[in-house]
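After this come two complexes, each holding chain A, first together with chain B and then together with chain C.
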Partner chain A sequence: MSFTVFIQILIGGLLQGGIYALAAFGLSISFGVLNVLNVAHGEFLMLGAITSYGLFKFLGFHPLLTVLGVFPLFLLVGFLFERLLLRPIRANSPHEFLIASILVTLGASLMIEDVTFFLLEQSFISIPFSLPSLKLGGVVLPSIRLIILGAIVCLTLLVHLYLRRSFTGKAIRAMTQDKEGAMVVGVPVPRVAMITFGIGTALAAAAGAFYVILFAVTPSIGIPLTVRYLSIVILGGLGSLVGSLIGGILLGLTEALTNFYLGSHWAPASAFFLLVLILVLRPQGLFGYK
Partner chain B sequence: MLKRKFSVHRSVSIGMGMLLVVLLLGSSESPALAKDAVLIGGTISETGAFNTDVGPFRKLMEAWAEMINERGGLPVEGKKLPVKFILYDDKSDRDTVLKFYEKLATEDNVDLLLGPYSSFLTLAASAVAEKHQIPFVAVEANSPKIYERGYKWIVGVLAPATIWSDHYFNLIQAEGKAKSIAFISEDIVHAREVYEGAIKKAGEIGLQVVFKEVAPSKTVDFSSPIAKMKELDPDIVYISSFHPFAVAFMKQAKELDLNPREFHAIHHGAGFINALGRDAEYIVGESYWVPGIQKGDAKFFEELLKRSGIDAGEWPWAAIRMGAFDAVKAGIEKSGTLEPAKLMEALKTLSTETITGTLRFDEKGVGTMNTIPTQIQNGKYVLIWPKAEGMPAGEHWYPTPTWSERK
Partner chain C sequence: MVQLRHLWILMILAFLVLAPEILGSYKVVFLYLTFKYLTLAASYDIVGGQMGYMNLGHSAFFGLGTYAFGILFSKGFGVAISLGLSVGVAVLFALGISYPFFRLKEAYFALATFGLITLLELLAFNLADLTEGAAGLSILPGMPGDRLLLTTYYLALATALAALATNYHIANTRFGLALVSIREDEEVAEAFGIPTFRYKQRALMISAIFPALIGGINMWQLTFTDPEGAFGIEVALVPIVMAMLGGTGTIWGPILGVIFVTVIQELLWTRMPYLHLAVYGVTLLLVGLFLPGGLVEARRHLPLFKRLKAPVKMQRCV
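The block that comes next holds the complex of A and B.
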């Protein structure tokens, strides 16, 4: 294998990992902060993809700008989801709440998938949009993925700044560290929980807006994607945005290199081995807290 | 009070006695009810993963029944009977298929069964038909495995998946331009069978197979196989898969500037052009029929498509359904009866003209409907081979311009 091809594979893995990271952020926030294992996370990505496709096809949005419509819409969807489905079960003990949240979100996931299959006239969609790629020597840099990665980085920075600088962001971080302590100092936990879940949902949907440009989206992609993002979140450490980014990139690189050297059937197994290795060496994940 | 109790008791006894008499009389053999319709049962994947291939076909089937009934129906026992479909949504799910085919066989008492979409679901449905000895016509299913079970109650209209691209490779051989080929396949039954057959045929016509790989169904990152293909520079890149896999591959092929002389995607209908837009141009794939083919009752088929609002380019498997309808019609006309054994025998020995040519079945029940290569040109599916009577073959655009050359 030539050096050029090796670099090409590395770049491919890096870009793919960046795309994984965006949806993983949302799951990391909701799992790390709220102790909600949102099995429907992948469904929100799927719905975000479909919404983005609708904005492009029926309202003429530019494919790269549909995220501007998708993000606020799914912020609201996340608010409603938390308020109507998760808050009623919050009174249980943390362990019971975790189990209940899995069941509730799993039920929601299956319902969303079935309803989407029923309503969607075609069972896969994709936005036909592409850009000329850049060439550096023999290495091809897919400009569309670079742009999407740039958008992901910007979105992540915005969320990071929000978490760092705003009152709600500080409240979210306080809840991550000590929920009871946060309540004692006057943090409005139910409202902050709703906002946190909304942000997580909006990030998943925003990932969907980019996903539908790069791949074909079907109503059944939800649960497999949720499992993948959960691996990234655990790998990177619960509640850590940086951890999710690094975890996503590591996963993308591992899959790309395994694919190249051993064949595509080994790529999913390699992701599993990576996860086990990191957890053995560092059980809290790369950037998680003990 | 005692008198009232006795009176009630007597009334109940008389009532029960009358009921018993009615039941006994009812259960005795009554004259057989005359058949008033030909009942054809089946399931359609109106929801689930396969709806992208056959979702609206209930309309197609009901329109066909309507058109046949307008023409008087089908001849059974010396008179013409209307056709009626009993259809259920199988949700693209095997267990649901089993449930509904059992229902069709045991409760709905159909005369004939049409198969569901895909070899995977057909394997299940045909087992039910075999158990209940009901004639079964497999439709969109071409896995050789279906016919290796020694079943007596099945025929299937399609030729085996392993010869899916034979006409395409005949074209490539006739032109003599392409010398090498790279293959990538989705790891799913149908795609693998097509892939294996295509590799064999490519070798037979002298193409050098420079790359071959089978990738998991959910693969989204094709950077590795594409990087390898770029180094090998094949004339043809052959993608054996369903649509989501092929769309993801093509998008990344453009991103990474993979430029073979031709891309071939075995399934390039039903949303493929919508998903890729102008990047779908030049891609060759397989269809069963295009407008302008003058075989069988083409006018009837065109009327059927119009009535059901189905576009043959968008829903290419409508032509397979028409082949199955032709087989059912010809089989009933030949047997003149719905007696299962005679109907099955008539089906097995059929030779009938369909919109894709002559349909007949071999000793295992395997049919002869096979695909023809079509190329996406200016957003339309153009037949490129064979050049024969009744086949409006157009020009094969080869080689495909590189991505940077395309406007």
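The block that comes next holds the complex of A and C.
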């Protein structure tokens, strides 16, 4: 095997990992702040993808710009979801809260998946859009993926700045580290929780808007994607932006390498072995707070 | 002293034993499936309910039992030996995974165990020499269909009863109390001298026995399995959802949950051609919102149930 092929695989894994990272980070912050294992996260990605398709098809948005419509819309969806479904169950004991949150988000995701199946007339959707590839010294770079990766990096930087600079951003980080401490210094916990969940949902939907350009989307992609994002979150550590990025890229690379050396049917298994390895060596994740 | 309640239980048991004589084979199969889910839900409850570790990968033991039985039985071992060995495989597996997995808590544990069944499903797909891969594994049952149904019916009934009895027994021992104390506060339990890791390990191994057994029985009854049937989402989530719907950590919870879900499914599948999953989802959502303790908690919230007898609660000391 030549060196260029190896580089090619690395780049492919890197690009794939970048797309993973965006949705995974959305899951990570809402998990860090709300302690909710949000099974419905992948469904928001799926809905984001379908909304993006709708904007493209019926309102004539440019495929790469649909995200501008999807993000604010799903911010709102996230607010509503948190307010109506998650806040009421917060009154329970921690163990009951864990159970109730799984019942509610699993119920919601089954419902979303089935209703989408029912309403959607096609079995899958995708946005036909492609750009010529770039060639750099024998290495072929898919330019569409590069542009998407660039967009993801921009979005990630914006979120990063928001978390570092704004008051709400600081409150979100404070709550991830220590909820009681945050409450003591006057963080309006319910409001911050709602905003966090909104951002998490919007990030998933934004990832969906990119996803639909690269892959076909069916209503049933939600739960498997959630599982994958959850493993990235565990890999990277809760609430850590860098952790999600590295976790996502690590997963993307591992999958790409296994894909090439062992065959595509072993790729999901490699991701799992990676996960168990990290869990055994470092249970709080690569960049998690202990 | 025999109470009225005990009499009711005896009558129900007598009915279940005689059921194949009275009912048609459709209803017998229906009862058989109920026993299967009851076994899975009740054995989930040891780790998931009493100990409070949400083991989303509980069906791993079921799937292992299914495949182990199928492989051994097709190699010419007898039914009893194959069932025994498949239970052995599952218990050893539980022992093995307890070391890495019990380093995790709460949602992390739930996620990692959920990932585990995905991995096992993949292995079942990919290790085609052993499992026949995606085509699925089939066996020759060695007896005619109606006798097979009858035999597996009684085996499943016995397994379900044994699983429930084990739950009940554990709840009334020191071991069971230790599990509850782990659920309520693991650090305090540890400080009081409970060997938490050893107990968690033991609980996981006990909870592996019955799903493996019912997995083997189910394989014998169906004479076929594929990776999806052994490790798929359906068999993984439905029993856990049943246990949570009914109420985890109680004796009656899993029973109530299983009856509730199977009856709803029966009603839905005959009345409604589509959107089953959506109705199922809405039901889960509503229970999670309004009855997070499960249906056994209903009497606490709804005046309608106020006068019903209190369910047998396991946490007696907390």
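Heads up, the rule we're going with is that the second predicted complex is superposed on the first by the 290 of 290 C-alpha atoms of A that agree within 3 Å, B and C clash if a C-alpha of one lies under 4 Å from a C-alpha of the other, contacts with A are read in each partner's own complex, and residues count from 1 in each chain.
By definition in this document, a contact is a pair of C-beta atoms (placed from the backbone, for glycine too) under 8 Å apart; a residue touches a chain by one contact, two chains touch by 3 or more.
All of these numbers come straight from a predicted model, not from anything done at the bench.
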Query raised in the report: Where does A:265 make contact in the superposed view: on chain B (first), on chain C (second), on both, or on neither?
Result: both
Requested in this report: Considering only the touch criterion stated at the top, classify A:165 as touching first (chain B), second (chain C), both, or neither.
Outcome: neither
Requested in this report: Would you check which partner chain A:31 touches, where first means chain B only, second means chain C only, and both and neither mean what they say?
Outcome: second
Report task. Could you say whether A:223 touches chain B, chain C, both of them, or neither, answering first, second, both or neither? Result -> second
Query - Touched partner set for A:95, first chain B, second chain C, both or neither - result: second
Requested in this report: With the two complexes superposed on chain A, say which partner A:16 touches: chain B (first), chain C (second), both, or neither.
Outcome: first
Report task. Check the residue A:85 against both partner chains and state whether it touches chain B (first), chain C (second), both, or neither. Result -> second
Query raised in the report: Once the shared chain is lined up, is A:114 touching chain B (first), chain C (second), both, or neither of them?
Result: both
Query raised in the report: Which partner does A:122 reach: the first (chain B), the second (chain C), both, or neither?
Result: first
Report task. Residue by residue on chain A, keep only those touching chain B in one complex and chain C in the other, then list them. Result -> 114, 118, 265, 268
**Report entry** Parts of chain A lying in touch with chain B, wherever the complex brings them together
**Finding:** 2, 5, 8-9, 12-13, 16, 114, 117-118, 121-126, 128-130, 132-133, 135, 140, 142, 144-145, 214-218, 220-221, 224, 252, 255-256, 259-260, 263-265, 267-268
Report summary line: As the complex stands, chain B meets chain A at residues 47-52, 55, 91, 187, 213-216, 218-221, 223-225, 227-228, 230-231, 243-245, 247-248, 251-252, 254-257, 270-271, 274-280, 403-404
Query raised in the report: What part of chain A is in contact with chain C in the complex they form?
Result: 31, 35, 37, 85, 88-89, 92, 95-104, 106-115, 118, 223, 227, 230-231, 234, 265-266, 268-269, 272, 275-276, 279-280, 283
Report task. Spell out the residues on chain C that touch chain A in their complex, using ranges where they run on. Result -> 52, 54, 100-101, 103-104, 106-108, 110-112, 114-116, 118-119, 122-123, 125-126, 183-184, 233, 237, 241, 244-245, 248, 274-278, 280-289, 292-293
